[in-house]
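Lettered A, B, C and D in written order, each chain numbered from 1.
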Amino acid sequence: MEKTHSCTIVKKTMLCPDTYDFVVNFPQEPKPGQFVHISCGEGVMLRRPMSVCDYFDNNLRFSFAVRGKGTKLLAQHSVGDKLDILGPLGTNFGVDKKGDGVSLVIGGGIGIFPLFYTAKFLGEKTEAILGFRTKDLVIMEDDFNAVCSKTHIVTDDGSYNCAGLVTDIFKERLQKGDITSVYTCGPRGMMKAVAEIAAENDIFCEVSLEERMGCGIGSCAVCVCKIKGKYLKVCQNGPIFNAREVDFDE
Amino acid sequence: MEKTHSCTIVKKTMLCPDTYDFVVNFPQEPKPGQFVHISCGEGVMLRRPMSVCDYFDNNLRFSFAVRGKGTKLLAQHSVGDKLDILGPLGTNFGVDKKGDGVSLVIGGGIGIFPLFYTAKFLGEKTEAILGFRTKDLVIMEDDFNAVCSKTHIVTDDGSYNCAGLVTDIFKERLQKGDITSVYTCGPRGMMKAVAEIAAENDIFCEVSLEERMGCGIGSCAVCVCKIKGKYLKVCQNGPIFNAREVDFDE
Amino acid sequence: MNNLDMSVNIAGISLKNPIVTASGTFGNGWEISRYYDLSELGAVTSKAITLSPKQGNPPPRIAETDSGVLNSVGLQNSGIEFFLKYDLPNLRRYDTKVIANISGNTIEENCEIAKRLGGEVDFIELNISCPNVKQGGVAFGTDPRIVYDITGRVREHCSVPLIVKLSPNVTDIVEIAVAAQKGGANALSLINTLLGMKIDVNTRKPILANNTGGLSGPAVKPVAVRMVWQVAKNVDLPIIGMGGIMSGEDAAEFILAGASAVAVGTANLVTPTAALDIKKQFVQYLVKNKIKNVKDIIGAVIAN
Amino acid sequence: MNNLDMSVNIAGISLKNPIVTASGTFGNGWEISRYYDLSELGAVTSKAITLSPKQGNPPPRIAETDSGVLNSVGLQNSGIEFFLKYDLPNLRRYDTKVIANISGNTIEENCEIAKRLGGEVDFIELNISCPNVKQGGVAFGTDPRIVYDITGRVREHCSVPLIVKLSPNVTDIVEIAVAAQKGGANALSLINTLLGMKIDVNTRKPILANNTGGLSGPAVKPVAVRMVWQVAKNVDLPIIGMGGIMSGEDAAEFILAGASAVAVGTANLVTPTAALDIKKQFVQYLVKNKIKNVKDIIGAVIAN
């Protein structure tokens, strides 16, 4: 039988203002792209979904931006506190479908978190293209550098590296003709653009979708996205979907 | 203008199982018999009323038994934490009406707390009669000994000192004929019995009443008790009432 | 804050800002006025006023529930004479509008109270939605024909705008609101409390001596916001929105849904300065969202 | 625990214990069965079943409120054929009763679904109280004449006891319950969700794509307990009580109020093992209060 885990926080870091990184004891090894569903504490009833950012030595790492009540409460926890965590949950990135060429992980903002763990599975021929709004929000560059052969960083305002969008770099990088797979997570518009470029170039592309969740395990049917014209559950049929099947405009 | 106080907890003691004693910084000197209205923390909306147990050097002491959700949450606070406290509130014991003889403070269980601060105002000719269910619940004996000329303790089951009710000691003590005032707080039945004996002996007697509260300041009218046939607010017209005027059976 | 226009209009009368106190949670101002200057508020609402003094229900009269409060006060008050003689003159010392909440046992009684209030108050709020009394109260507020009738008859005796306060314990709030409008209401207040109950599982007794009571506080906010939104879309009367407002953003939510003003109720039980605090937070919200005139966001929700 | 009689009777069928899952919060058991053995429960309730598969409403479909949850799923499901072919056989592997929640768009559709279910399930729960669909749903559940009519007509097609699930969005729950009883209902479920709304004050948009949704969770518990109590006093049918049950003591509160069984809904969204946890806590409550037979406390509230 599966169960929820009572996990001790062993490390807490602030990555940039209002963005935290937690490492907790966690007994079950997740697959890349999966998420966990976290109880944020007294006063917030529903759990909040967070992507697996890393897993090592029975430790789970997840990182998150403070948005509303739940993430605010979560951020107030300290090393030594316990968190009630459900998971790992959901489908995983098809890292076995990466092909023989170079894999790209393309992320924007907090969408980069699941891509780090994923890049570790994709192996040395992986490159990362990461976009941030501005210099102060650029995070995890060293992490990605350690597992990717190259990490391209862009900022919307050009305050760090070149100004531009991840799709600009993506298109540029496609010129070499050695890309065989793309894994992406970030704002919906970004993922849509990445998906379109991948489709035009006939490259395998998977996306990690987000939707407001209830149960996180598939029993309440609230977290749906349109996939090939049908509402599928992001928590159970996703969060990873083949980019071609997602109806981004719904 | 009056305001709520943000008070730092400077001392926390356990008096007996599930009964705590807090000392907090507090800027306003209360009168004996008054209460404060305390925010117990996230998840409990309404404040909880607690009698002033002592006041010294800008420090307020209150003590409480853990009953339900509010007091449970309150008990989880530690030294250094802040509490949002409203008060002091309500009417006070008429210590100036004590007369020339001996004053008695008669309390049962958690009803003893306001009597300690009151006894300090009554002076050396004060005696305490305190009743508890059983030995393990006997608390504050030393405190009362320090401010009263004599402290009589009874337990329901006789596990500490003699078995019996505070009213037994009260009646016995009346024989000497030197009692001129009685101040009482405790279970309703106990206060009623004390009030009746006081009335029979024509002794000045005041009681501290309890009722479930909302605002604590007189603006919501939920905390009423029947006083001379009318519903009066315990938080504003009380908690201290002349025993003769209370309709104990309502 | 300087070039911020906080004023709103309710039935031709301008409130300096949209923050009001809700009836029954503010006494008649005596106590709360020791915590802040009532002139800070757009308006204050009196406790329910009846013709003769009223004892109310036996205690306990309050129980806390998850994010909510049940009360069964039952309209305890000192009657219209006392109000006119003592409470009103005191409230008049402040630069704020006064809403008199009236709760007669019968239609005639409400007419009589309205007549006696005359032009002394700024608004009369007819409470046909109290769940805690056997006569009058919610019995009036759940049948559209009765709502129409009572509104019309009380309206005849009002020298000032008549606000009708609606009960949420109904199948179709719009139908009730329309009835009040047709009856001649000049504004609507919603919502009063939802009827609820809490039982102590150890003693097996209801916590409230009255068994049931009215549920208020954040727990009911989604129901209140929905009702304000439905009524605002369908009825052309200004609305005073209430139900669980604890913060400036909560106030904004009701105004976006269609309320012209908002009333703070249960929050007053939590902290005496609640209405003032909420006003300040609401100003912060306006500033942060670059809103210069409150009236611009009344009903400005972008619904699907 | 050995000499504890946990069984309860609903319309002649014995449930081994009074803990049931609420429709729509438990899928059709596939997922939650990976967390505990469903045979632990007195009964399980299916997701709403319609005749043809149903897409439901666009997302977002959920919003959290203070102590509550708003949902606007809109009865997404794979239809009766899928249920009979895949879901039901799977549920039948467990030693628990199966309640089929049916939610047709029309009376005829409900009759047809009931007919197709035949004797395959233990109970049919007619959902005339979903606030998230335009057709059927709550529109059926708020008019006593329609409730009487639909209950009677669906009853004719049921080979098993018919439970009618009532909406709390009504003026008089007793009137509706009486109508269902007269129509031939064998049991009642209450409550479904209260209609609510939440607006994001920064974007000014409702959080739910459907604008409004159904409010559930601890926030609504006082309303649910009150309705169960009112109906239990006035209607002679077994009640499955629900609305905000998160603990064993919450379950006890509903049973004291008059419910013969209780359903766990929103709690399943918080923790997959919720219904099992609540059952265990309820046993502790019984032991602590020296209650040997659950049936002894059904409706045992000592009201004033």
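As a convention for this text, a contact is a pair of C-beta atoms (placed from the backbone, for glycine too) under 8 Å apart; a residue touches a chain by one contact, two chains touch by 3 or more.
Since the structure is predicted, the reported quantities are computational estimates derived from the model, not experimental observations.
Touching chain C and chain D at once is no chain at all.
Set against the C-alpha centre of chain D, every other chain centre is closer than that of B. For the pair chain B and chain C, the distance between C-alpha centroids works out to 36 Å. Rounded to whole angstrom, the centroid-to-centroid distance between chain B and chain D, based on C-alpha atoms, equals 47 Å. Shared interface positions of chain C, i.e. residues touching 2 or more other chains, are given as 67-68, 217-218. Residue positions of chain A touching 2 or more other chains: there are none. Taken as a graph of touching chains, this assembly forms a single closed ring in which every chain touches exactly two others.
Every pair of chains in contact is given here: A-B, A-D, B-C, C-D. Of all the residues in chain D, the ones that touch chain C in their complex are 65-68, 70, 142, 169-172, 194-199, 201-206, 209-212, 215, 217-223, 225-226, 229, 244, 249, 252-253, 256-257, 285, 289, 297, 300-304. Listing the residues of chain D that touch chain A in their complex gives 24-27, 30-32, 34-37, 47, 55-56, 58-64, 67-69, 71, 73, 76, 207, 217-218, 266, 268-273. For chain A in complex with chain B, the residues that touch the partner chain are 42-43. Residues 1-4, 39, 44-47, 69-70, 84, 86, 211-215, 217-225, 230-231, 236, 250 of chain A touch chain D in their complex.
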